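Read from first to last, the chains carry the letters A, B, C, D, E and F; within each, the first residue is number 1.
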Amino acid sequence: MDQIITFGEVLMRLSPEGNKKFIQANLLEFYFGGTEVNVGISISNFGGNVKHISCVPNDFLGDTAMAFLQKFGVSTSAIVRSNRPLGVYFLEVGAVMRPSSISYNRSHSSFSEIQPSMVDWEFAMAKAKWLHWTGITPGLTKGAYETLKVGLKLAKEKGIEVSADPTYRSGLWKYGENAKDVLTDLLSYSTIFIGGINEMNEVLGTNYSYSNEDFINASKKLMEKFPNIKKVFDKIRTSINASWHKIRARMWNGTEFRETNDFDITHIIDRIGTGDAFAAGLIYGLQKFDDYKSMEFASAACALKHTYEGDVNYATVDEVMGILNGNVSGVFKR
Amino acid sequence: MDQIITFGEVLMRLSPEGNKKFIQANLLEFYFGGTEVNVGISISNFGGNVKHISCVPNDFLGDTAMAFLQKFGVSTSAIVRSNRPLGVYFLEVGAVMRPSSISYNRSHSSFSEIQPSMVDWEFAMAKAKWLHWTGITPGLTKGAYETLKVGLKLAKEKGIEVSADPTYRSGLWKYGENAKDVLTDLLSYSTIFIGGINEMNEVLGTNYSYSNEDFINASKKLMEKFPNIKKVFDKIRTSINASWHKIRARMWNGTEFRETNDFDITHIIDRIGTGDAFAAGLIYGLQKFDDYKSMEFASAACALKHTYEGDVNYATVDEVMGILNGNVSGVFKR
Amino acid sequence: MDQIITFGEVLMRLSPEGNKKFIQANLLEFYFGGTEVNVGISISNFGGNVKHISCVPNDFLGDTAMAFLQKFGVSTSAIVRSNRPLGVYFLEVGAVMRPSSISYNRSHSSFSEIQPSMVDWEFAMAKAKWLHWTGITPGLTKGAYETLKVGLKLAKEKGIEVSADPTYRSGLWKYGENAKDVLTDLLSYSTIFIGGINEMNEVLGTNYSYSNEDFINASKKLMEKFPNIKKVFDKIRTSINASWHKIRARMWNGTEFRETNDFDITHIIDRIGTGDAFAAGLIYGLQKFDDYKSMEFASAACALKHTYEGDVNYATVDEVMGILNGNVSGVFKR
Amino acid sequence: MDQIITFGEVLMRLSPEGNKKFIQANLLEFYFGGTEVNVGISISNFGGNVKHISCVPNDFLGDTAMAFLQKFGVSTSAIVRSNRPLGVYFLEVGAVMRPSSISYNRSHSSFSEIQPSMVDWEFAMAKAKWLHWTGITPGLTKGAYETLKVGLKLAKEKGIEVSADPTYRSGLWKYGENAKDVLTDLLSYSTIFIGGINEMNEVLGTNYSYSNEDFINASKKLMEKFPNIKKVFDKIRTSINASWHKIRARMWNGTEFRETNDFDITHIIDRIGTGDAFAAGLIYGLQKFDDYKSMEFASAACALKHTYEGDVNYATVDEVMGILNGNVSGVFKR
Amino acid sequence: MDQIITFGEVLMRLSPEGNKKFIQANLLEFYFGGTEVNVGISISNFGGNVKHISCVPNDFLGDTAMAFLQKFGVSTSAIVRSNRPLGVYFLEVGAVMRPSSISYNRSHSSFSEIQPSMVDWEFAMAKAKWLHWTGITPGLTKGAYETLKVGLKLAKEKGIEVSADPTYRSGLWKYGENAKDVLTDLLSYSTIFIGGINEMNEVLGTNYSYSNEDFINASKKLMEKFPNIKKVFDKIRTSINASWHKIRARMWNGTEFRETNDFDITHIIDRIGTGDAFAAGLIYGLQKFDDYKSMEFASAACALKHTYEGDVNYATVDEVMGILNGNVSGVFKR
Amino acid sequence: MDQIITFGEVLMRLSPEGNKKFIQANLLEFYFGGTEVNVGISISNFGGNVKHISCVPNDFLGDTAMAFLQKFGVSTSAIVRSNRPLGVYFLEVGAVMRPSSISYNRSHSSFSEIQPSMVDWEFAMAKAKWLHWTGITPGLTKGAYETLKVGLKLAKEKGIEVSADPTYRSGLWKYGENAKDVLTDLLSYSTIFIGGINEMNEVLGTNYSYSNEDFINASKKLMEKFPNIKKVFDKIRTSINASWHKIRARMWNGTEFRETNDFDITHIIDRIGTGDAFAAGLIYGLQKFDDYKSMEFASAACALKHTYEGDVNYATVDEVMGILNGNVSGVFKR
């Protein structure tokens, strides 16, 4: 009973080098990611024992995607293969006042066409102590929603922790189900909520503001509606422009409100996956530290992620703790 | 009445540099191609006036695909846009005894989901003198087949030349129609057949051998079945290995059989699109030369294509004529 | 009568990747540019119908330069070819307190050796509604000056708008003519002045300061001397260092003085061509918007250009309007 | 009892792209390899269950080396870490008549300074069914020799297969022991000999020629001296030049002599690790096929390796079997 | 008597492009450096006549290292060759709050194993007017310490200037000698001290603070203990984060305390070698200017170095003087 | 009296990677070369003491060109600087039947505009024992011709060897002088002729065939006309295609005719500068070996050059001797 389980799409990311646009490029860098993959790899990089469940194609792209996860020590033994293509996204990285731009090609991917019958959850979760899910997966297709739900039910039966990052993304939810209904359904199996005012308003049908007071009230209301949820963690981002952000975090754990200081990220290298880095930091932290220190660990992990190319957070525990211990000026020792 | 029309999918090609596999790569080169696109661009590079008809996404990838065609002078005014993704293929380039390997992601692309109502053929073909099609397009989806058929009917009405390259590819034809029936239907609108024994056996239901004698007999039988077809051109490839091929061509134009000498391509750089280079050479040649010289021009163009990276043939008329005039030893002048 | 005409040199730009110096590099990125080319391509990227007039070599470099313009939809039908080389410039991109450094090789280029007899202006401007010129062209050679003048005369005859960006660059004007005299001659054919205090002092022989008051006075004096000029637009740049600029714009249109807010460009990617992006934004804007909104559009376009590598502004109208509508924090939607 | 164990140094390989020399390069490609690593990864790529035992540094280079093995599914659970640096080699890849050139920096590496006390062989070999070693390891240092010997003794006790590739390399054996004595000692624990006339002459002190007859006689003599050895496999390379080789293999298994046909490798991409690919093919093959087919499988695997960059053989079982089934002309299917 | 002599290790630096980590990279950029090499090359780039003394391997890496020095005009005639490997360091470049990370492989390098008998100091210093050393060299091995000491003694005999940059680095000093004793010994031969409070406290055994007052007191005390030392120069760095530093300098020359203004380095490209750029600026400056202007020159050189990739300062005298003359906003002229 | 002097243009070479055309490239590799530069660097790489005389621009490109020569140990002390641009050539590298293609931009370069007054030949040749010239230089401009002639006269006065490689290139000789007259003039100062039938026919006005007999007769006639010429060396190339050549050499030294065996260069990497490698091999060889061995050395050097990218031959004496000693199969030792 010591594995952390993540379930979601393995996406290939294709992006010109630096801040080039596709129209001026000949070469693309590629990485693999996907929100739940990012969480899984980051936890594995912290030393956690992670198994990722997904469906990838049975060709050289699927092999390459699997190898990417294995490289970081994530178990791929429960990943199934199909003859559908790999989900892909194309990214143009913005700068200053130019936003990044994304083109998805995932609507008929191996993962989008997953069905509950394809995953042996009993086998996959035999040693699980934690299951993490996000709002991307149920937003893809009915099959993805239903497959996830089987896993969540099993998690509840097993009494393990279930963290939910119910990110709402308007570009999804095309298959007929209503986001609010589905998220409400899935949150009923969850114990930890990673999200902010937007996500709480979405599932509560409320209209809370971004103030700390409203955050506490919204969290309380959320816990009323979903009594299994014991803790709410929120990450707040202030964008000066596409190259310069500030982030901080806050929490309500039923009894205590806390918030962190700002991290000032003056030269962003890659903004993708920074929310996933926060979630991974939390999941790892909550197994080692108290709630507040977990949130601080998650914030520092999130800040560090902005300095790595690709979706994945390469930070190790030592690197995150270095920042928590006060070395935020990037001085190195030799 | 002077434009050459090509109709087909614009595919993005993604490939690691050199002969690397995806599992060992970080960077991909990308080009655009697709069999009919390749034909169109090559004819434009020979100085022809070409318009390509297709459907691409209305995002930065679609813009980039359009820009690629425009760069080579191909008109994109009849290309329509949709909110479906661009077709993509991933290529690992083999060497010596290692075959190349391809992974397609095109089954729900913008072009695959094209419908006859989306193309204004009257407008697009207002100045057309030639229409070229291949067996890839009707092998994709019913919509692609039916859209093509509208164009072919119009071409027949206009009395313009229609060249057919009915390549049969077993990985396609998944949508319910039978390849033989569909190709038979479409060939009835065509005037020039670019293909060999395999393609003729496929549509005739025969079993001819690769001998010149059988080639002539098959061609005669084809012309009986499809009286509009006046000429058959065939390209024969001998593969020593993935890096070293020999090619030659042969023809039957109803009265005369001719064949070319071999080109010995000792160091292949890129084998993709070489058949399209042959077709483009023919289409261009038949407007300038007699049948035999057209075939020689097409063979030399095809041979040259093996020396360019990407799907597209960059050869100019001067470069092809240089080879026909005997400079096959790659000597350059300065 | 709907084409915008640009006339000037197509320059090849060669630059090491990032901020490397040539002495430490093995690889160069290349783009094409040139001040009037930059304006033309940017307008075409906004959806304008642009024809560029120039002279490039009749070899593979000339072909590649033409293909670059065609890629962005700019008509190259009036570009002539010669057997002189392409103009080239070599660029080392600075950072922080290190200035960029440029080495030109253009003094005997195809364009520098252009002569009035080489351009068929009547044909080229048959559908023109606007002609744009800059002070670079008449600063190159007598032939370039005289060729431009033929076009300007024709524009005046046709009564179309003529925008002038009379940038004075001390490294030019080596061929015997005096900059002030030549610019005075050419401004007499122009209707819109894109330039600031330096340029007005240069042609007026005055000594106005950078204050708004002096800007208005100088503009008035300019319009007295050149009664065809109806509007003056100026872009003001504050350089914190080579990596961090602020820009704003101001205008006098004979009746009204306006100025924009500052754009704070905290992480410059490429500073070349930003003035051309401003000019292109104005020319496009003045066909759609009032003077002030045109200037705002131009300022935002100029700011965005700092985030693209190369000479060319890749921004679309949607991207510029996104900024004008308040999204300056680089947030993206998915 | 189903794991294949490899033991040896993980080397970082650094090489300019293509055939460049260091003196003309700015960029290096890096891979990880080492003769036993290459064998282990290749077997894992064939689907085998492989554990590699080694010592790497406890810094980011060690992490990266471990990740490389994990990527291909090789278990790193028995790899120990030290504060000594990673072994490195620098490679200039030759062509035609220019030989490749290597510079090693491994004499004080983590692995070279390994000591028997650092490896828990009992734990590491708990599930082992095969142990593979080469002559490189005992040629490095006394510590490497003695550590290997502990493993070999344990293998003999467990009665598992032990394959030996006693490559003699004159650049090693600097630490005081005599190659012949050490190899004789270690061969006494081995059951399968992968090597040719040179290696047999080295350990037998004989002077056999390269003829098949002498190969059989030498093999017989070897089996007399080392009664545990049951089979001898030899790979013969004919070098036309650095870019064009032919290879074939031969065997004596105590009762039967067999040899394969030649593979003609006309365009070599990377010659490093091809012997290791042969060994890996054999080890995998001998668990599935008879002796002759194993040797054929190994030959085809070895031939394929010449088409992959890096030390590692990326070939899958399907790819090798494709060649054995007659597709040596690199034709691909789509 | 006009050569400046530097003595120290030539290190190869290997680093992924940009801010990538090794675990996500395939390609490494390489440069050569080493603290004394950096000083030598920078002085040569200022027009100084520099000879570097070292030991490099007699293989293609040694050749490439020598070629690197020669490229910048540094004499390599006194560099000896051995059959030991080149010292190497691997660098991951941090950003914002992520520190850079270094892995050294130098402890058994050609230079580390240097012995006094290997260098002919009389020959090498025949025309020397200045010798520069740093605390890195005596921290490596006893042989390096003793070889340096021979040179320092000779310098003292010749009465030439000796500049000392006694940087203390805790990762060194593993060979048995005490840093304080060795540095005390070597400083007795030195005339100019380039270092700050940490270095003075280290050799004096004191505990001065970073205040200007303490800097003056420490300098006085240093000059008491080492009467040959006539001047002390200190560079002060304030790290906002790994991407944004401020630097200034201060000096005590026995009679006068001076300090410079801050340079605000808002977008650091490469922080390595910036201290060496300061030392080089001083050594060059002190031959041309008074003490204060030398320090200003050194500060500007140091600031500029943050904008060049690699260890080496590419700045020329003109570029440094441009900054001293007030062009700190990176404006360029054309 | 021990320096070898080369005189000629330093050209920058710009080429897409591999066999790409400019129209499909974004990146260019750059090298420096020029026929006499190539000879000088190759001799320096063999250990010769070489000084190159030229004129390059006084900007960062000139600095980079100088650094390139210095890197290989060639003295640049006699190179003068001007404010004219560097000569540049653009190269598309062909393959198989596709010829390479070149675009020059050198007609107004620093070197083309050299004048006799700019070179201090007395100073530059103070220690000269050999002067090498080629037919490229006098084909550029009258200034280049006359400047060379001053040096040749001085060489004759000093009685040193003068090697002539009077390559005739039809793209040059645009400035009014007749090639035959100028070459005849310059050959009168020369002692060694490096060239074949074409060059001899050019200066003799004869029509000899390529047979060995005619080669001997032409050589005799040449020596009659130019009594200072004592030896003629010719290199013969057979082009199978652009990727596969054979070369051999022949000589007449007044008494003896000899020819070498063929080198079979099956996989050409770069054909540029191979003739210069032959000349450099000869010049180096004639100082160490007899005529025949010098020619063998030169042939092997020429063959090796085909395996290096760029204009320059990186081969060392050891590498060339390795081939002469029979290692032509590219086997390496470790």
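By definition in this document, contacts are C-beta pairs under 8 Å (C-beta built on N, C-alpha and C of every residue); 3 or more make two chains touch, one makes a residue touch a chain.
This one's a predicted model, so the numbers in the text were calculated from it and none came from an experiment.
Note on connectivity: the fewest steps through touching chains from subunit A to subunit F is 1.
Chains that touch both subunit A and subunit D: B, C, E, F.
Superposition on CA atoms relates subunit E and subunit F by a rotation of 180 degrees, given as a multiple of 5.
More C-beta pairs touch across one of A-E and C-D than the other; that pair is A-E. Taken over every residue number at the interface, the positions common to subunit C and subunit E amount to under half, indicating a different-residue contact.
Farthest chain from subunit C, judged by C-alpha centroids: D.
Annotation: 44 Å between the Cα-based centres of subunit D and subunit E. Subunit C has its Cα centroid 41 Å from the Cα centroid of subunit B.
Contact of a single residue of subunit A with at least two other chains is seen at positions 18, 21, 23-27, 67, 71, 101, 104, 267. Judged by the touch criterion defined above, the protein chains are all mutually in contact, each touching every other. Remark: subunit B residues 18, 31, 71, 263-269, 300, 303-304, 306-310, 312, 314-315, 319, 322-323, 327-334 touch subunit F in the complex. Taken in their complex, subunit B has these residues touching subunit E: 24-27.
Chain contact summary for the complex, subunit B toward subunit A: residues 14, 21-23, 25-30, 57, 59-61, 63-64, 67, 85-86, 88, 90, 92, 101, 103-105, 107-108.
Considering their complex, residues 67-68, 70-73 of subunit D touch subunit A. Here subunit D touches subunit F in the complex through residues 18-21, 23-24, 94-102, 104, 169-171, 239-244, 267, going by the rule given at the top.
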